[in-house]
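In order of appearance the chains are A, B, C and D, and numbering begins at 1 in each one.
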Amino acid sequence: MHDALIVVVLLLVAAAATGAVLQRDPARQAVVLSALGLTLAVLFTVLQAPDVGLAQLAVGSAVTPLMILLTVRKVRRKGRRE
Amino acid sequence: MDRLLPLIVVVPLLGAAVLVAAGRHVPRPVAEAVAGLAAAASAALAAAALAGPPEVSWVGAWRPQDGHSVGIVLVGDRIGLGLAALTSLLVVAVLAYSWRYFDEPPHGHGGAFPALVLLFQGGMCGFALTGDLFDAFVFFELMGVVGYALTGYRVEEARPVQGALVFGFVNSLGGYATLLGIGLLYARTGELGMAQVGRELDQAADAAGHGADALVVAAFVLVLTGLLVKAAAVPFHFWLPDAHAVAPTPVCMLLSGVMVEMGGYGAARVWTTVFGGPGGVPAAGARRTLLVLGVGSALVGALMCWQQRHVKRLLAFSTVAHTGLFLTGIALLTPHGVAGTALYVLGHAGAKAALFACTGILLDRHGSVDECELHGKGRGIPFTGLLFAAGGLALAGLPPFGTSLGKALVEERSPWLPALFVLVSAVTGGAVLRVAARVFLGAGQAGREDDEGPETTGGEEEPETGRRVRRPPVPMVTVAALLLAGALAVGTVPALTGAVSAAAEAFTDHAGYAAAVLDGRPAGRPEGPYDWWTWTGAGLGLLSAALAVALAARSVGLESRAVPWSAPLRRLHSGHVGDYVAWTVAGIGLVSLLALW
Amino acid sequence: MSLLPYLIAGWVFLVGVHGIATSRNLIHAVGCLAVTQSSTYVLLLAVGYRKGATAPVFSDLPVDAPVVDPVVQALALTDVVVGATVTALLLALVVQTAKRHGTVDPDELSELKG
Amino acid sequence: MTRRLRLWVLTAGLLATAALYVAACTDLPAFGGSWHPYGDRAVRAALQQHTANAVSSVNFDQRAFDTLGEETVLFSSVLGTVVLLRRTRGEKRVAPGPAEVPAALRRYGLLVLPVTLLIGLYVIAHGQLSPGGGFQGGVVVATSLHLLYIAVDYKALERIRPLGLFELADGTGEAAYILLGAAGLIAGSAYLANTLPLGTFNTLSSGGTVPLLNAAVGVEVTSAVVVLLAHFLGQALEIESEDGAKDGGREA
């Protein structure tokens, strides 16, 4: 049962990673990255690594996408005003 | 003394923390004095440790029991410690050079530049001293992160941000490959210390009755990838000229003088301690890998160096060429090869840093680092010109510079090596001498725009001193002169060669390293007889220097520096992140082929 | 099953590298670098996993309970921090690139070549 | 290099790397095996040091030097970001106006903020006992403060975020970690040695220097993330070029 769960979450991670690469629009990519962070956090929890899962949840699905979105906003704002 | 080894790493870090915490309230001269003190204290600690017997320091007092520990070890072997000392001394020189540098430090962060330099120092010293693979990765990343920030420091200009970005992508990617390799090694051996992993690999091979399997080879290739990116070996080298051409001059002195060499050191260290035993990769495969990449870098670097007009970029390509020679020396895998390379690195650090220092003076005086634009403009500063030419001769291998002695010790090991070493030294030294003749003597023609291929010009650069200087500032010239004097001392003090030769014996001893780290049997060796100058070595040095002068003299009169058949090679240096990343993975493939064959 | 986690780590690494090399937008490329790095967490934790064991936290466990390897978890934690910091610095450089070059398309950056 | 050539080089490299890696995987020990020599030693050492969370014991005691490096990487990248995202010549700060926030969102945000903050502080404080610690808690605390930006507006966030203070705390956290390490030297043992009394297993004060180093990391991470996000927010919301048309650059 546990093994099957691990397999499912692993496949989700691979899918999210592939999706994050294929999504070429950076703002949408940030959302997919956030989802990748979430699936990784679940994977780590399933692999009995709650410490890492917690860190991944805070960084991978919150701080990193937030920084990407702020960068997108800055770059777009500049582009609009030109 | 062994307990104090970690202080070499943490004293600069503490200095940086203090500078940031007090940043808003400390006047600039105080901040710069604090930075200088921290850097000098670390240099003094490294020198004191070098004076004592070789020791190891288990951080947190987690000493090994039955050859196993849960802690991290710092290893005070002569080569690593010597590299830490070189780094610290160079940082002191750089801080002196950049005294009152940059008129506009970031608002409210007057100490930001010296703080970053101290963090860079801490990262490099940590990398040189650690005996743990994962700890080495952490310090690798520290060097990287600080390196990107320092490279992009002049954000007002277009090029620095592009160069720093390329540097960041390629180096980070290399670092992650290294980490994957470390993960594979951990899965196989259940250890992270270099000595422990090496021992476990040997025991596993003993038990299985055969040598390296695919896992060990893959780990070797992946771990080496990050280190070769740092060492800028072809085809991992593309980031280096882009980063070095745009970084502030004092940062270039550190990047070219020691950081790139750290990559070569790391490769040699990992090879001898982890993969050098019966359980590691076959010596033939490893040797072939470093030799092919080393020779390739030397030739590509020299060819590209010759064709540059952007002086910093020219010096950057000469670093690629010389690092290629270092890798070739390491590939010999003998104490002689390592000793020669170590001396070569010492001499090169002094000469290359001095050359960048002189280029910085030109930049601050004329707002340009372009060979054609600067034609004849250096006539008023003959002493700087003299130093620049001396640096060129040192690169060309003129005895008795340390570069020449190191080159001589390596090339005597094989019949075909002298040809490569003489050629590369003559071309890179000749390119520098050509610039010296044109800029400081006004010789020949100014040269012209190049129609043969893409190129980077060096005009319209912002002086780093805020406004242009008329006379070269005394600290800058003094630092350049002292650095060259250091390069000269490396080749003329016999005691140094003796110490380096003994250190190289210990460095290449796979089992001896593990015994020193894990069983507490320091590999202190009496200094035996060692090689020094020979007539052949000095003669080959004179030959390459004479060839360099001849090349320079012949080319000052020519209009174009371009070598037409190399245009496709020049186009490959495109400044494109995607291209460089593609070459990096292709490099992983190439290294695996070479290691397996 | 016994190899799947390792292979997934490899897939994530390669797909991330492919993304960086073919990216037309530097912000997207930084995101792909973050993907590449997540492969290292997956590999490390997969290497340290032990079937039927629990997390290495002994607050409410008997001290002889089987637990998974805590060392790789410490390494992965360090790795997470390193990844976030590299992302931050590269994004800062992308912001400045957009200002100085007026574009974030790597194909249009042409200041350094030859 | 043309896109076509790049794709060829890339594909060749990826295929070779994949082949190498897959071959290595077949030699790896099977997933979930029970052979973890370093892990087993680390668990024994953690229990011997009265640290219930073995991961914290590895992070702040056995391999505390790694964590020093990691904190320094974070510290450096914050300093680097401050330098890279500084306001340059030809740029000015424009205060963004107050934002209209739906009342429901405001109530929700203001309710969640203190809860998240408390969770973060709890996670920091219990680092040696339960999953989490200075790093995870620090990120949560720093992120929770930014809920104020979502719930109210940027001005409100700026009021509770005196940057100078957070920069001071950033440097202080880093310095505290380094000096706590030196305490081991002064006590006559090695750098970063755990020389304090180990306390009673499974209590807040157990683990010797572990809770102290954990707290130093908590302070550093909280302030580092706050400063980091502040500079990205500043670029995205406040900093504009002075001529209003272009941001400095080559033309300026």
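The rule is simple: a residue touches a chain if its C-beta (ideal position, glycine included) is under 8 Å from a C-beta of that chain, and two chains touch if they have at least 3 such contacts.
Going by UniProt, the chains are A = MrpA C-terminal/MbhD domain-containing protein; C = Dehydrogenase.
The structure presented is a predicted model; accordingly, all values stated were derived computationally and were not measured.
The greatest number of inter-chain C-beta pairs in contact is found between B-D. For the pair chain A and chain B, the distance between mean C-alpha positions equals 36 Å. Look at where the CA atoms of chain A average out and do the same for chain C (Dehydrogenase): the two points lie 10 Å apart.
Per-chain Cα centroids separate chain C (Dehydrogenase) from chain D by 15 Å. Each chain gets one centre point, the mean of its Cα atoms, and the points for chain B and chain D are 30 Å apart. Each of the following residues of chain C (Dehydrogenase) touches two or more other chains: 1, 4-5, 13, 17-18, 21-23, 39, 46-49, 55-57, 67-68, 71-73, 75, 77-78, 81-82, 84-86, 88-89, 91, 93-96, 98-102. The multi-chain contact residues of chain D, meaning those touching 2 or more other chains, are 6-7, 10, 14, 17, 21, 26, 28, 36, 38-39, 42, 53, 55, 58, 63, 66, 69-70, 73, 76-77, 80-81, 84, 131, 135, 228, 232, 235, 246-250.
Those residues of chain B in touch with two or more other chains are numbered 134, 138, 141, 145, 148-149, 152, 155-156, 158, 180, 184, 186-187, 192, 571, 574, 576, 578-579, 581-582, 585.
Pairwise chain contacts present here: A-C, A-D, B-C, B-D, C-D [touch as defined].
Those residues of chain A that touch chain D in the shared complex are 50-51, 53-55, 58-59, 62-63, 66-67, 70-71, 73-74, 77-78, 81-82. Against chain D, the residues of chain B that register as touching in their complex are 3-4, 6-7, 10, 13-14, 16-24, 57-62, 68, 70-72, 104, 106-109, 112-113, 115-116, 119, 122-123, 126, 134-135, 138-139, 141-142, 145-146, 148-150, 152-153, 155-156, 158, 180, 184, 186-188, 190-192, 213-215, 217-219, 221, 571-572, 574, 576, 578-579, 581-590, 592-593. Across the interface of their complex, chain C (Dehydrogenase) is touched by residues 6-7, 10, 14, 17-18, 21-22, 25-26, 28, 30-34, 36, 38-39, 42-43, 46-47, 52-55, 57-59, 63, 66-67, 69-70, 73-74, 76-78, 80-81, 84-85, 129-131, 135, 202, 228, 231-232, 235, 241, 246-250 of chain D. Residues of chain C (Dehydrogenase) that touch chain A in their complex: 1, 4-5, 8, 11-12, 15-16, 18-19, 23-25, 27-28, 30-32, 34-35, 38-39, 41-42, 45-46, 48-49, 53-57, 67-68, 73, 76-77, 80-81, 83-84, 87-88, 91, 94-95, 98-99, 102, 104. Interface residues of chain D facing chain B in the complex, by the touch rule stated above, are 1, 6-7, 9-10, 12-17, 19-21, 23-24, 26-29, 35-39, 41-42, 45, 58, 61-66, 68-70, 72-73, 75-77, 79-84, 86-89, 164, 167-168, 170-172, 174-175, 178-179, 181-182, 184-185, 189-194, 248-250.
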